[in-house]
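Listed next: structures, encoded as structure tokens.
In what follows, chain A forms one complex with chain B and a second complex with chain C.
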Partner chain A sequence: MVVIAVALTLSFITFFLLNVAIDPAQAVAGEEAEALEIEQVRQQYGFDRPILIRYFEWFKAVLTGDLGISYYWNKPVGSLLLERAPETITLALMSVMVTIFIAIPLGICAAINPNSVIDRMCLGVAVSFQAIPNFWLGLVMIIIFSVTFPIFPVSGDKTYFHFILPSIVLGASSVPPVMRLMRTGLLDVMEADYIRTARSNGFFGWKLILNHAMRNALLPVVSVLAVQLGHKFGGSVITESVFSINGLGRLALESILGADIPTVQILVFVFAFTFLILNLLADILNAYLDPRLR
Partner chain B sequence: MILKTFIKRLVPRVLEDDISLLSPKTVVLRKAISHSGFKFGLLLFISIILLGILGPFFLDISPYQQDLDKRLLPPVWIEGGSWDHLLGTDGNGRDYLSRILSGTRISLTIGIGAALVGMVIGVTLGVIAGYFGGWIDQFVNYILTCQLALPGLLLAMTLVFLIGPSIPVVIIVIGCLHWTLFLVVTRSVTKRIAKLDFVSASNAIGATKLQIIIQDILPGIINQIIVIFTLEVGVAILAEASLSFLGVGIQPPTPSWGLLIAEGKEAIFFQPWLIVLPGIALFLLVVSINMLGDGLRDIMDPKSKLE
Partner chain C sequence: MSYSLIINNLEISVKSLIGYKKIVSDFNLTLHPGRKLGIVGESGSGKTLSMLALNRLLPSQIEVTGGSIFFNNKNLNNMEKKEFYREFSGKKISMIFQEPMTALNPVYTIGKQLRQAFLIHNKGISKKLSEERARSMLDAVKLNRIEERMRQYPHQLSGGQRQRVLIALALINEPEILIADEPTTALDVTVQKEILELINELCLNFKMSLIFISHDLGVISKVSDEIIVMKDGKIIEEGLTKKILKSPKKDYTLGLLKCLWKLEKGNPSLYTDKEVPFIEVKNINKEYQLPNRFFSKRKKLSAVEDVSFSVFKGESVAIVGESGSGKTTIAKIINGLEYPDSGEILINNCPINKIDLFERARLIQPIFQDPYSTLNPNHTIGYVISRPLIIQKRFSSKEIYHNAIKMLKLVELPATFFYRFPNQLSGGQRQRVSIARALILEPQLLICDEPTSALDVTIQDQILDLLENLKKKLSITIIIISHDISVVKYLSKRILVIKDGKIVESGFTKEVLENPQSSYTKELLSSVFRIFPPKRNFIN
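And then the complex of A and B:
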């Protein structure tokens, strides 16, 4: 219920902001259009009517599956989305895999030996990754792995191979929060009574951690990963433009630069809605993993 | 005897028995002196600020002055570089050192400005929600959920581009999209303080709600606000760089670091330093701010121990 209410509010806010921030008629007619031309466009597209009525019309159309027509591409927005979505979904999923494979082992290592050299190094990695801008990391990766040592292609999205560098770049930005959570989660769990019992029953080392501690320590990590996956869709704007991947993020940038309001509107809404759904899924998954929440 | 206690107060290392004798200010100061991350961050931050603000006065080359004979000169340590242009020149023959240095001021202005905007929004909502509770709290919580679900970067790009990119617009838009952390922390601390006895006492002697908020609650949350403010400055600086990199933030020829990196992207195969150098500047500034913020959190936490 809350999800639907939030989604409705968001659709209204984005519609309102985008239609108030600029004159949509001006955007369609172009920067140098004359007053008469703008007036003509205003009448033709119906921009002269009150914003609430336009919102309800737009909303009704969206509910029936008509997402509007892009001014910039001159195509239905719906088919644009379908064309571009697979790239972004691949990128988002692969980058979350990268995050999982880097952050969780690092977090476990840091938690096994708290305050050791490894722990401090992990912390250092976390602090510096938080300060590295995503687009810069992408360009530096291109300089190192495509220009100096030509291992990976510079840009494009033809094969899965093309997605390796971009997903490392996009995945790296979520390493710090996931790693920190894994570390503190595991440290908390290791002090629990049932771990002491397991220890006294002769479990130790990796077996203790994997079989006993991980299940509880992973719970908060799962929900953060879902949130991060949601951020990946929004964050794809930068990575896709650095690596020239024709996904939703690049579509968003191009539509913004083309002042293509119908497309931007739908994209903001799609990203927000994906985020909400992923959060809902995380809650459900958590309830499934943790019988106490049921 | 007096001399001995006097020396003890100045020396950062403290014997355990006399901590209770120290004033809170001294304790915080000594924690600051003994916190290595905080010291390092502060040192880095101050040197970046000095370089960024005083540097341009010592360089006699303007960041906008073009010299088309000297385009794309490499930095001094690469063959072909010269001492006239320490970090080389960009595609229009402008001195890169001077451009990077003046970028510091832009990043800081936008970072601090945007964090201030975010602070005003977040703290106001947080105090109101925490103090009044009930349906107001739930309403604020609803706004928070909406804000969290919005794709911030995308919306910022759209708004800045559509309104017209300029420094004040960038500050306001980034600020309006980065207030959630302020809200969450302020609300929880306010809730805790509002239950304390001295607030009921103020209420009993007839203080108005506004007086209670300003005189009793705000002083209690100021520490947390300072910490979040510092961290948010770093976040806002990165957001500005991303916007400028995508071409929807600060516009050329203003030397914003994100813009410098975007301009350097064209020369990625032959002049990679055009990308690497402003990125390092950005990285150092944000790392120093984050270390400062993390350090402040440790120092101001009354539960943290004095070592």
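And then the complex of A and C:
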């Protein structure tokens, strides 16, 4: 229920802001259009009517599956989305996998030896990942792994192989928060009374961590991973451009530059909605992991 | 199966930047099969640490720095960590802890936790066999509806049930020694009695020896053959339980016993004549709404049901009941921190909701249970105490300062405490500060919600003495809330026994305690462990 309410509010705000910020008639007619032409377009497309009425019409159309027609691409927005979405979904999922495979082991290593050299090194690796800007890391990776040692393709999105470098670049940026959360979570849990109970029962080492501590420590990590995945869906604009992957991020960039209101409108809505759904999924997963939340 | 545990000159120290600081020294102990040993002492006396050391569960900055622990002629101190965990933890030596609420892993079912504990020492056993074992353990600790319990999570069980599960968990590998660290302190008295009986019975059935740690001599006397008394990291007295209870050699042990005896005797000076009712509680009801679950109707919990009573000026009345009986809710309602759903409260014949807040603060003041969390750690003691006066806005800063110093003196604290912070104070001192804070407005009614239950017995005794003196000096009315009948007996003239939000019995303390009418009161009374003073009077 809350999710739907938030989504509705959001769709209205984006619609309103977009239509106020840009003159839609001007956008359709083009930059060099005469005042008369713009006026014609305004009447033809119905931009002269009150914004509320246009919002409701747009909303009705969206509900019936008609997402509108892109001014810039001259195509239905729906088919544009379908074309571009798979690339972004693959990239997002793969980069979150990268995050999980790097951040969680690092976090565990750091937590097992708190304040030791290993802990500091893990933290160092994580922080440097975060400090490096995406586009720079992307370019360096291309130079090293595609140009000097041609292991991976430079750019494109034809096979899964093409996605490996971009997902490392994209995944690296969310390693630090996840890793730190894993570390502090595990450290907290190791202090808990039930860990003492498990120790007194004879659990130690890896068994203690895997059988008794992990599940408790993962709870906060799950929520953060959901947020990170949300960012990946919407925020891969730069990485997609660097590796010239034709995903939603690039579509967003191009339609903003082209003042393509219907496309931007739907994209903002889709990004936001994915965020909400992911958070919902994280809550459900947490409830599965922790019976007290049920 | 002959074994024995011998601890020689154990020494435990805290590691810090400047070196080691001894906190336990010269700890000696010999335990033979089937014997039951009690270790008694205040918090911080080192009783728990020595047992954690035996089990290799010491916190990271604390280390064993000397002495030896022999189990069947094997020195456990020199043993490899892995070997110790594999051969001893849970297998030969098991431990149960004080906090049953947090000592079970919240995310796994009871059944799974039991099975895992069994499997860690019995590798390669089939799931069916281990489940069978878990079930039989739950049966041994006398839990009902075992199938259901196996599938439940810890948060679905009560404190007593959880402690039973923990005992099952400790005994699943049939250890030879069970160490129980204050296993009943966090439980209600009625539950405490059942758990102690269970531990006694299991020791016989499993042929285990027992080391029982407690600050409560009354509890210890029920479960031990021998007692070790500890103070400041040293053993100060040891011997057979009977002997120590009859004729303790050290003043400290005598002091511990005296506290118990004093509580036992009651206080004769409390009986005064009735006057006009100062506070009248008329038919109050309070319901709480439980958080709703999906697709089910919101449930209501009735915390207080149709409770009426009155308190006279200068009187002290006790409200006694188990946790969850609604006694704290009543206190909150009288304090104005909660509003009743129906019914009213009259103070000096004026409904409480008509009295404005400043006025009410000068009439009623609360003292809470936990002196550790009720004082704001960021403020000085002086500020904490004088804050009620500051809020009232009628006093100059000089007056406030003098009043605060006066209050510190009244609760027998040095005036230098004015500039200290709460974390520099002990539990007893903090509770004195809370009392001073409550008294600075010279209220006519003090509501003490379990004022001593977070404190050691000796401190408890001092605080009760203080409250008693203050009552005489200031002729203040006191409502005291407690689950502990012995505390109540000492301080109150009348008593209300409350269960599930209803008053089940009321009357003069003496009469209620000597001749309880309701079965619930009888149950409450029978579960308090008493040690009677010996006939020969050597106290003075």
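Simple rule for what comes next: the second predicted complex is superposed on the first by the 294 of 294 C-alpha atoms of A that agree within 3 Å, B and C clash if a C-alpha of one lies under 4 Å from a C-alpha of the other, contacts with A are read in each partner's own complex, and residues count from 1 in each chain.
Going forward, a residue touches a chain if its C-beta (ideal position, glycine included) is under 8 Å from a C-beta of that chain, and two chains touch if they have at least 3 such contacts.
Predicted, not measured: the structure shown is a model, and the values here were computed from it.
Asker: Following the superposition defined at the top, how do chain B and chain C come out on chain A, clash or fit?
Answerer: On the shared chain A, the partners fit.
Asker: Pick one for A:290: touches chain B only (first), chain C only (second), both, or neither.
Answerer: Only chain C; A:290 stays clear of chain B.
Asker: Tell me which partner A:89 touches in the superposition: chain B (first), chain C (second), both or neither.
Answerer: It touches nothing on chain B or chain C.
Asker: I'd like to know which partner A:81 touches here: chain B for first, chain C for second, both or neither.
Answerer: neither
Asker: How many degrees apart are chain B and chain C as seen from chain A, counting from C-alpha centres and rounding to the nearest 10?
Answerer: Once the structures are overlaid on A, chain A sees chain B and chain C at 80 degrees.
Asker: Would you sort A:222 into first (chain B), second (chain C), both or neither based on which partner it touches?
Answerer: Neither: A:222 stays clear of chain B and chain C.
Asker: Touching A:164, do we find chain B (first), chain C (second), both, or neither?
Answerer: neither
Asker: Counting residues of chain A in contact, which comes out ahead: chain B or chain C?
Answerer: Touched residues of chain A are more numerous for B.
Asker: Based on the superposed arrangement, let me know which partner A:147 touches: chain B (first), chain C (second), both, or neither?
Answerer: first
Asker: With both complexes superposed on chain A, which partner does A:109 reach: first (chain B), second (chain C), both or neither?
Answerer: neither
Asker: Quick check on the superposed pair: does A:69 touch chain B, chain C, both, or neither? Answer first, second, both or neither.
Answerer: The answer is neither, since A:69 touches no partner chain.
Asker: Quick check: superposed on A, how many Å separate the nearest Cα atoms of chain B and chain C?
Answerer: For chain B and chain C in the superposition, the minimum C-alpha gap reads 5 Å.
Asker: For chain A, which residues count as touching chain C in their complex?
Answerer: Of all residues in chain A, those touching chain C are 192-194, 196-205, 207, 211-212, 215-216, 289-292.
Asker: Taking the complex as given, what residues does chain A use to touch chain B?
Answerer: Checking each residue of chain A against chain B gives 2, 5-6, 9-10, 13-14, 17-18, 21-22, 27, 127-128, 130-136, 139-140, 142-143, 147, 233-235, 237-238, 241, 252-253, 256-257, 259, 264, 267-268, 271-273, 275-276, 279.
Asker: Which stretch or stretches of chain C touch chain A in the complex?
Answerer: Per the stated touch rule, the residues are 55-57, 81-82, 85-86, 88-91, 94-95, 97, 99, 102-108, 116-117, 120-121, 153, 155, 166, 169-170, 173.
Asker: Going by the contact rule at the top, pick out the chain B residues touching chain A in the complex.
Answerer: Against chain A, chain B makes touches at 142, 145-146, 148-155, 157-159, 161-163, 234, 238, 241-242, 245-248, 258, 261, 264-265, 268-269, 272, 275-276, 279, 282-283, 286-287, 290-291, 294.
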